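The structure appears right after this line, and notes come after that.
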Amino acid sequence: MNALQNLFHNKKQNQLSLFFTAGYPTIDSTAGIIEACQKAGIDFLEVGMPYSDPLADGPVIQQSSTRAIVNGMTIELLFNQLEALKGKTTIPLLLMGYLNPVIQFGAERFMEKASATGASGLILPDLPIHEYREEYQTLFEKYNLSPVFLITPHTSDERIKLIDELSNAFIYVVSSAATTGKKQDFGQAQLVYFQRLKSMNLKNPLIGGFGIHNRQTLQQAWQNLNGAICGSAFLKKLAATPDAEKAVEELKKDLGLKMD
Amino acid sequence: MNALQNLFHNKKQNQLSLFFTAGYPTIDSTAGIIEACQKAGIDFLEVGMPYSDPLADGPVIQQSSTRAIVNGMTIELLFNQLEALKGKTTIPLLLMGYLNPVIQFGAERFMEKASATGASGLILPDLPIHEYREEYQTLFEKYNLSPVFLITPHTSDERIKLIDELSNAFIYVVSSAATTGKKQDFGQAQLVYFQRLKSMNLKNPLIGGFGIHNRQTLQQAWQNLNGAICGSAFLKKLAATPDAEKAVEELKKDLGLKMD
Amino acid sequence: MTVKFDTNPTEVKRNQNIPDERGYYGGFGGAYIPEMLYPNVEELRNNYLQVIESADFRKEFELLLRDYVGRPTPLYYAGNLSETYGAKIYLKREDLCHTGAHKLNSVVGQALIARHLNKPRIIAETGAGQHGVASATVCALMKIPCTVFMGSKDIVRQQANVLRMKMLGAEVIAVESGSKTLKDATNEAIRHWINHPDDTYYLIGSTIGPHPYPDLVARLQSVISEEIQSQLMKQEGKDYPDYVLACAGGGSNAAGAFFHFIGNGKTRLIGTEAAGEGVDSGLTAATIYSGTPGIIHGCKTLLMQTSDGQVMEAHSVSAGLDYPGIGPMHAHLHTTGLAQYLPVTDTEALDAAQMLSREEGIIPALETAHAVAALSKLQFKPDDVVVICLSGRGDKDLQTYQQYFQEI
Amino acid sequence: MTVKFDTNPTEVKRNQNIPDERGYYGGFGGAYIPEMLYPNVEELRNNYLQVIESADFRKEFELLLRDYVGRPTPLYYAGNLSETYGAKIYLKREDLCHTGAHKLNSVVGQALIARHLNKPRIIAETGAGQHGVASATVCALMKIPCTVFMGSKDIVRQQANVLRMKMLGAEVIAVESGSKTLKDATNEAIRHWINHPDDTYYLIGSTIGPHPYPDLVARLQSVISEEIQSQLMKQEGKDYPDYVLACAGGGSNAAGAFFHFIGNGKTRLIGTEAAGEGVDSGLTAATIYSGTPGIIHGCKTLLMQTSDGQVMEAHSVSAGLDYPGIGPMHAHLHTTGLAQYLPVTDTEALDAAQMLSREEGIIPALETAHAVAALSKLQFKPDDVVVICLSGRGDKDLQTYQQYFQEI
């Protein structure tokens, strides 16, 4: 069991995860952000590997990625940063990014390093499932990494079941058919979708993401799923203040987790 | 015999004719120019009826026409001016212009007026010969007007003979295939052309025009033909001085007919 | 304004599409040219029929029309227009010709004639620039030096075509005289021809000028109606339309689109002319509506002139229709009632261009838009087969369209 | 630089022009897309072959190709080029297609598919604007609302096409992200699609994107080589050329022009890619020359990327080739030696555009000029039949040409 699986083993509800882009706002922000999140009681983290062409992302994550690349962030450097942090934090980490940089780094080399520097899993949204099964699954297993797949309101039951089958940590429940960073409260459509998922009795926990930005959206995710991931809203806070601790506190306020 | 025919009956050589645009440089220039020319010993005159689209004319005559039209010159007005001058001058006059204004005026009405106000002939460069013969010849004869046709170095012998046949005053020998106002001395091409004409033994006198602007061109025309017509060069003088007499004198100087 | 046809000519006249020996269509046509042009025009007159009817010419002409110009151009059934206007509306796609207009048909033919007559240089006048581009194009192809006369006002409003002509290696001469548009570009071309009679072929862009030009150009453009005939036969089972609509500046695309249907007693031929800001506004190019018989550029036709016989300046937003005369064939067809001519204002044309773009995905030339605009002036029966001669595409007019649609 | 062919593949491979079931051409292709796109792409993948092979589709498609697009486009024997380059050079005249480029072939087909899939909206990306204009055109015709994504840099350099799209009623969205050219226009189109999955058909402009797009577009464009086959049969008595030359941005015109000749063991297929200021200048779009395998816009192919796997910005004077990737079919044809790809610099392309204008009277699109430029890089035998895919006309590029030719 990796750290992430361990977490889900122990905590079934009200998970809160944050996403941030490595190398943003500055090249050496990574450690500070991870430490701040752990201190603030965040359950686990997604460390975004910046990519030049993040298809599934809205403007906030796009801009953070562009900036991070300009800042000089690379996968190599990220691993060095995580390596340096090893032993200092316990918060489970997932690496999230697009497939191409991973391939260029070398898939096995990447997994080996990811595992060695403490990551529990990978989210590669554009990795096709058939390719995962045929080429990647054994590597994930070899390096004890959890694969995390996305599902959306348009994903068929059959496909959700397949994904549930392949997953061993959690399923990433994209809240609506949209790129990241949409600022709308959840409505009837999400409720129907969450109910459908609930009724499927999946083996993996369900973590909602895309559009978690305030109390309403967080609570909806917590009430219907097992937890929530917040990305763009967190990046905006990080853009506004260089102090990662302050950024996390501000975010928690927005999410209704802390009173003024 | 009209005045023009009379002139040619009496004078076989070294004719000098000038062309000017009625209404140029000012609306009431006509009388003064005619009087000045007569006084300066010019043999006969072409009075240009200004036209908006003078196809065969170079920039000098084009501009004089545009100006004359802006000044308000019309065929009606020109006839009034000639009418007022009647009896005061004896220099033979030809009216020269494009066919369209004549048609709009009414062909027969035009000839009647032209004859009544003292013109001896008409030059209508764009009147087709067949149309002249079929529709205009009887009118010309009725009003005792001489038709004057143009020939160029490219006109066939056969056609020249036809034109000679139809003419009864003179033939207008266009010096080269060109629009009016070209400022080049005559060369070998003109000499060959003039020789060819001479050898044809035509019944009508030959008057050279287009490009007569200095001593060389005038003398060439005089030596080889029966006379010369000078247009653009005269208009330029009229543009430079409001005094028609002075303009004629200046022109004669340029033509080598007067010493300083 | 809706037009009624009380004048469907009952007596079917034949051969009204070609002039008599001297170039007259009824009372219009002829060759009113100064002697300086006589030998050139005569040379052409003596040769043109023989050349264009020769097997050699036809073979070369037809091959170039097919592989270079892109003929036959489609006869496209415009479903959306048909629904809107309640008739079977077809578009004859001259806009798909190489260089973007029907002009190339005549240019290819005339350039072959120039070669036959051993003329090593070609000159042309142009208004919208389409004829200039077509001439520059074929001259590049045939390696003939080409000089194009274009009014300086038109150079400004048809900038794209000026760039094309230069890219094709033609010399473009800006005409500053008179109206600085097509009329004076034609004057300057004729003057240039007078000054270069031996080596120069004057490649006229429309059914205008002294005989034999109107006839020559009409015959070369008649490929349009020839194709319409056989295409309609296949697509509608009859070899004539009930209506043909075409814009007329000098009248070459209209002449080509009408040619085989003239006097057939069955097809209503509708020409549209540019009314500019309105037929009675003083800013118009509606020659047939407001013109009288007279002479322009060597032929007798209807033209806009003062009572003194001075040619008036035309006005149209469309450079290719901005001409105070019209081809003598059209003056004749109008006079005899064999065709009808409708005035279309600048605004009506611009709106029609927009309409066609939105309805059928085809941006027409401004000239062509005048033909399209006639649709809303006519009343059709559901079975009527209507062919619009889509004479050219609108790429050259994008600036004008943009300005207009920004303003309204 | 002159290229020699040592790699004429001896073993004739069949069916190298279509991918396997999962969309792979050898090692290239596939569908690397986030889950948000999965249902849409899957829907298309499950339907496209059945739709485009259905009798209904074929009938409608072929009618529109004939009467609306203007097909078949001529295969023009370019006499002057042939003389200059010492071979029998033919130009496949896609420039005569309605809207001025081959793009319309695929757009007509895809719009019919969109209708079949009941998608009431269409989005498209565009670089040179030709695909945007083609999309706006067919959407106007079919009355489908259309949104086109275009990099703000391309909006400036292809102004004419922006005006055309607006005139046709399309919404043009200026993309300010990243390179502000085709790559990021494509990103934004894909993002928009993610946000509007139910009602929107994404009409891709080239043989790029996730499977089945490359195959779909290639099949729709294959009408080009199909026509070449039968035209050559008539004109040369053989149904294949010795060479096909085509430019490749995403690679759709090249895919269409190569399609029926791929792996025939007889035809040398030459793609040209934009080298910008030179393949090693850092300002290039020569993907095959300087790219490595990777993923872009949902497919595995050759692309220009940093060692970290970040996609690089491409550079080409030609907006339509200014793309850091290339269709997976071409990556495969290159890797297997079934086709060769030559880099052509901005300057070489501009000069080729000038050359073609002057030699044949045809002003090509800047993209197309890259294919023409290959002529001087190859050595032909006098009997070689060479077909250049003249993918588009140069009207949209006149400003660029003018600037360049003013400078030199």
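Residue numbering begins at 1 within each chain, and the chains themselves are lettered A, B, C and D in the order written.
Definition applied: a contact is a pair of C-beta atoms (placed from the backbone, for glycine too) under 8 Å apart; a residue touches a chain by one contact, two chains touch by 3 or more.
What you are looking at is a predicted structure, and each value in this text was computed from that prediction instead of being measured.
Ranking all chains by how far their C-alpha centres lie from the centre of chain A, first place goes to B.
Chain centres here are Cα averages; for chain A and chain D they lie 37 Å apart.
Annotation: 67 Å between the Cα-based centres of chain A and chain C.
Separating the CA-averaged centres of chain A and chain B is a span of 97 Å. In terms of which chains touch, the assembly is arranged as an unbranched chain of neighbours.
Chains touching one another form the pairs A-D, B-C, C-D.
Residues of chain C touching chain D in their complex: 66-68, 70, 73-77, 80, 93, 95-98, 100, 136-141, 143, 160, 163-164, 166-169, 353-354, 357-363, 394-395, 398-399, 401-402, 405.
Chain D meets chain A in the complex at residues 22, 30-36, 38-39, 177-178, 183-184, 187, 190-191, 194-195, 197-198, 292, 294-298, 305, 307-311. Contact residues of chain A toward chain D in the complex are 51-53, 55-59, 62, 66, 69, 74-76, 98-105, 125-128, 130-131, 149-152, 154-156, 159, 174, 177-179, 182.
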